[in-house]
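Take a look at these structures.
Here come two complexes built around chain A, the first alongside chain B, the second alongside chain C.
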Partner chain A sequence: MSVTPATMAQAARRTDARAAIRAPADPFAMVRRGLVYLLLSIAAFVSVFPFLWMVIGTTNSSADIIRGKASLGGEFFNNAVTFFTQVDALRVFWNSAFIAVVATALTLLISSLAGYGFEMFRSRVRERVFALLLLLLSIPFAALMVPLFVMFSQARLVNTYTAVILPTVASIFIIFYFRQATKAFPTELRDAAKIDGLKEWQIFLFVYMPVMRSTYAAATIIVFMANWNNYLWPLIVLQTAENKTITLIVSALTSAYTPDYGMILFGTVLATLPTLIIFFLLQRRFVEGMLGAVK
Partner chain B sequence: MSSLKLTAVHKSYGSVEVIKGVDLEIKSKEFVVFVGPSGCGKSTLLRMIAGLETISAGDLEIGGTRMNDVDPSKRGIAMVFQSYALYPHMTVRDNMGFALRFAGVAKDQIAIQVQQAARILALEPLLDRLPKELSGGQRQRVAIGRAIVRNPQVFLFDEPLSNLDAELRVHMRIEIARKATMIYVTHDQVEAMTLADTIVVLRDGIIEQVGRPLDLYDDPANQFVAGFIGSPKMNFLAATIVEKTTSSVTLELTNHGRARLALPVSGGAVGEAVTLGVRAEHFGEPGAGEVDIALDIDVAEHLGSTSYVYANRGGEALTIEREESRNEIGMQTITVSIDPVRAYLFDARGQRIR
Partner chain C sequence: MADARLARREQITGWAFIAPALVLLGLFMLYPIVWSLWMSFQVGRGMNLSFGGFGNIQRLTQDVVFLRALGNTFTFFIIQVPIMIVLALLFAVALNDSTLRFRGLFRTAIFLPCVTSLIAYSTIFKSMFATDGIINQGLMAVNIIGAPIAWFSDPFWAKVVVILAITWRWTGYNMIFYLAALQNIDRSIYEAARIDGVPAWARFRYLTIPMLKPVILFTTVISTIGTLQLFDEVFNFTAGTGGPADSTLTLSLYIYNLTFKFMPSFGYSATVSWVIVILVAILSFLQFLIARDRRRPS
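On to the complex of A and B.
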């Protein structure tokens, strides 16, 4: 390459830029930044390590895992085969997916409607009802479990998808989340829509929902994960193997007389995949939603 | 027909009354401006006309039909909001056509109407953009366009044009105001003076005065309107009535060494404490009026064509407007005269004494 003044100038600019990165004006800023990176790396390692260990475990035999082997092995295929012969994976995945998808859709619809209503409609008792609702949040699920089971058995709904889905759809936490988010929703948009001739339900459907899509994305991740990983209530209410979810099945594998850890970890990784996929699909919106951005 | 009639209209939020009985008639195709200080109820009144707030008591008629309980979209009105309230997830085209879609207008008809409005407002190149991709002025035009598309009988504006460029403002005044009745809210009295056929001055939920801009300027009904209309604000001087005949009263100015002047009014009583109102532009050269008063100058602003002298005496601050005057530069005091014919008299409750 011939050296022209232009390329020299370019090169000079590039080295200038590099120098600027290497030698910040304030040496303390360097130290501070280094510390931040160090802490972040530790935090990242702590949160990523179990996941990494789980993935590595799928390639090792049960015996190796117990011995503490933490490097890749050659047992992945065997583990997969054992898992698929012991578990009716298609059926179990279908159960989980159906329950999680339907429950997520219903929860978002019903709880966002409630949160929207709480924020948009003035009433004298509104704050009191809302406070009561938040108070209910403090009742542990363990206390509700038995009466809930009695209710569902009287309604002859035990061992159905409905029984798993129904108690989750009016989520107080999600109602609260949507009420908070709705505070950032401009009321003038609702007024404009009224003048444009929309009914209340149309305003919700055609204005509120699209405007709040970041909030919905964030809520989708939270609710989907909660439903996919839901354990205790499905454990109680789903009684036959053909109705059970992946969470129940994988955890049941551990209670075998000699648990096959390689195979179990394979199942665990499989069970984790859908939430990961949902998260990466909605990641950008999730961050916006958590920041409360109405774009 | 697009006339409007408000009869004894009230609005309360719980026990707080914010509109306290408004009677108003607006003729078809009139340009009416609501002005008043912040919190006086301008937006509330407008929103009641639009149907966005319920009317606690009284009647609202649009085009001769009682509209109290009619759905906002069926009142023949369109509204431009202060924040524009464009739907952020829709293109300019969809924003403008949204109302028509819900009114069941055919697709190709919507396209034609949107196109027409876009042409009037020079929005054609922007039709496929989202609101966030527009400048403030462009958003404003879209908001106006969204209103125009609905072809309303009555346009309602809640302080929307504050940063509208002058050309568009004139354009709007001509293009839109010809076809429909306009009700325009502002707290800027200059804007009110320039735009209105009729100004409605509101304070604390009641109408203080209704009239043409210059009528309000020349003949205010009370001290509030006198102080609100006109820029700079009218000056008020404390005074006492010391003599009275059937056609005039003589005042003594409290803060000006008991200087006296006679005003041609027939009201008032001897001994009554009153307020004399004089506009900044109506102070005369010394000796030109009936009485001269001397003032201490605080600041003088020279704008070239006009100068404003801010002065005081006895704790009473006054503003004097002088045309092409540079005389006040470096001066400590100024003497001006008051012409009784151009002065206004108000009683202790702020009502005009005529």
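On to the complex of A and C.
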């Protein structure tokens, strides 16, 4: 039997008439089902195992970890103590949290303003600007980092939070994401609010933002993770230990000649917890938000 | 009269909404990128630069380390991106079946790796792939290998670990895009095809793939950009060296080393960074071409 897009379309048209008729029982269906479950189980196991490994690793000594010991040990307390004596954890966590929270809030605000602006107020010039932005989207960070570093050192902002946050705030990807999502925002809402005498900025703040909360939730996950996990740019501009983020500190620990993996995995768990928590808190909204954007 | 004033106000409001983003992008993206293009024609050390014409480009062609980094980056791209896209598609299609049990659980599990920071998972992989580590033990226990593999000191296996690690981290991320797109496809089309006895692979090939084409294109371009910029993983696996014997040195890592580790030569590192820009442009363009061609039914 030949299968062409044409027969597909035909098939689609006949749906209603034949929906009631069940397909003939397929002897391979059970086998196929089983294979799907097997494939997904393997994928899920491979995906989750490193997390288990990380958690188990915090309870073992470095020597045991290198030897591949996959059972719980009694070194958790020691690892924690080593980590906290070597790392000023409070300070480092504060650096990461401050940078990630401020950068996320600013990114969401500025990029959603732009996404809304591009979609709601169309003009030929702005469409051209938007096209230019999409072109810039493919510019790799490597091409920017040298001039950026020189710019920030000339402005004497090297080793400041400002230097880490500022270049990330206007994200073309997030602007694009918000513009796509705004297509689903009912324009009647804006018209109604206008009749009620709301100004444009009030419409954005009090109508658009609450209505689009799923979109904001999904964007929060993406942007917060990107900022919390950001590595290359902070590595370049943050130069003293008291300003470094947790990712930088944990990474520095691993480059020791004989890394203490028990302690490092303890730090890794700490570094991963915030993003894990955000993910699980916003997970449902995240899926909704993604659906809204791809539509 | 009133209409014209209203239209002008709309214009001004429109620009006001996008102005903050445009100012920031101009300052931190457009300006540096133009500057870096100018820089790439400059030679000299540190900030003492002078115009060097095509000197840097000439240096590129003779720079063995650069060519090796270019080759490595390309190897990672050619092997890793297709594997990841195919896996992500496969998982997404499997998870899109509403009769499947534990869907939410599988979806969350496969997406979970994206939550980890690049540093966290580099550390985890580094400890799992230790010579006496858990991976080697597992492989030896099921007799796939006879002796432990020295993952990080063998140029070939070091590349394999990098590819495995990136695939682990990003497959779920791409899968979410496909899942979202799949859920917008009208179910009745599949139902009809199934009733008409169209086999599963054909449904995948002639229904799913064409309908997902825009999303596949989008994720492929994004993954291409990501892989060509590969830095964090190799930096952490190898303590910044790109070893063993430069076998995991990527273009981004080389730029970093040129700028911040060796005698800084901003001009030359800007030239190398433009190689990435041009590569991304060419590859994205090719991907667009392929996607457009395939749209015509054969």
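FYI, the second predicted complex is superposed on the first by the 259 of 295 C-alpha atoms of A that agree within 3 Å, B and C clash if a C-alpha of one lies under 4 Å from a C-alpha of the other, contacts with A are read in each partner's own complex, and residues count from 1 in each chain.
Keep this in mind: contacts are C-beta pairs under 8 Å (C-beta built on N, C-alpha and C of every residue); 3 or more make two chains touch, one makes a residue touch a chain.
What you see is a predicted model; the values in this text were computed from it and never measured.
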Partner chain in contact with A:K194 - chain B first, chain C second, else both or neither: first
Which of chain B and chain C A:I66 touches, first, second, both or neither: second
Touched partner set for A:V46, first chain B, second chain C, both or neither: second
Contacts of A:S251 with chain B and chain C, given as first, second, both or neither: second
Which superposed partner A:S138 touches (first chain B, second chain C, both, neither): second
Most chain A residues touched (candidates chain B, chain C): C
Partner chain in contact with A:G74 - chain B first, chain C second, else both or neither: neither
Touching both chain B and chain C, residues of chain A: 294-295
For the chain A and chain C complex, residues of the former touching the latter: 1, 3-5, 7-8, 11-16, 18-19, 21, 23-24, 32, 36, 39-40, 43-44, 46-48, 50-51, 53-54, 57, 65-68, 70, 110-111, 113-114, 116-118, 120-123, 126, 129, 133, 136, 138-151, 166-167, 169-170, 172, 175, 200, 204, 225, 228-229, 231-232, 236, 247, 250-251, 254-255, 261, 264-265, 268, 271-272, 275-276, 279, 283, 287, 290-291, 293-295
Parts of chain A lying in touch with chain B, wherever the complex brings them together: 186, 188-189, 191-198, 202, 207, 210-211, 213, 294-295
Of chain C, residues touching chain A in the complex: 10-11, 13-18, 20-22, 24-25, 28-33, 35-36, 39, 47, 87, 90-91, 94-95, 97, 100, 105-106, 108-128, 130, 132-138, 168, 172, 176-177, 180-181, 183-184, 186, 188-189, 191-200, 202, 206-207, 210, 215, 221, 225, 228-229, 231-232, 235-236, 239-240, 251-252, 255-256, 259-260, 266, 269-270, 273-274, 276-277, 280-281, 284, 297
Complex contacts: residues of chain B adjacent to chain A: 47, 50-52, 71-74, 77-79, 81-83, 85-89, 98-99, 102-103, 132, 146, 150
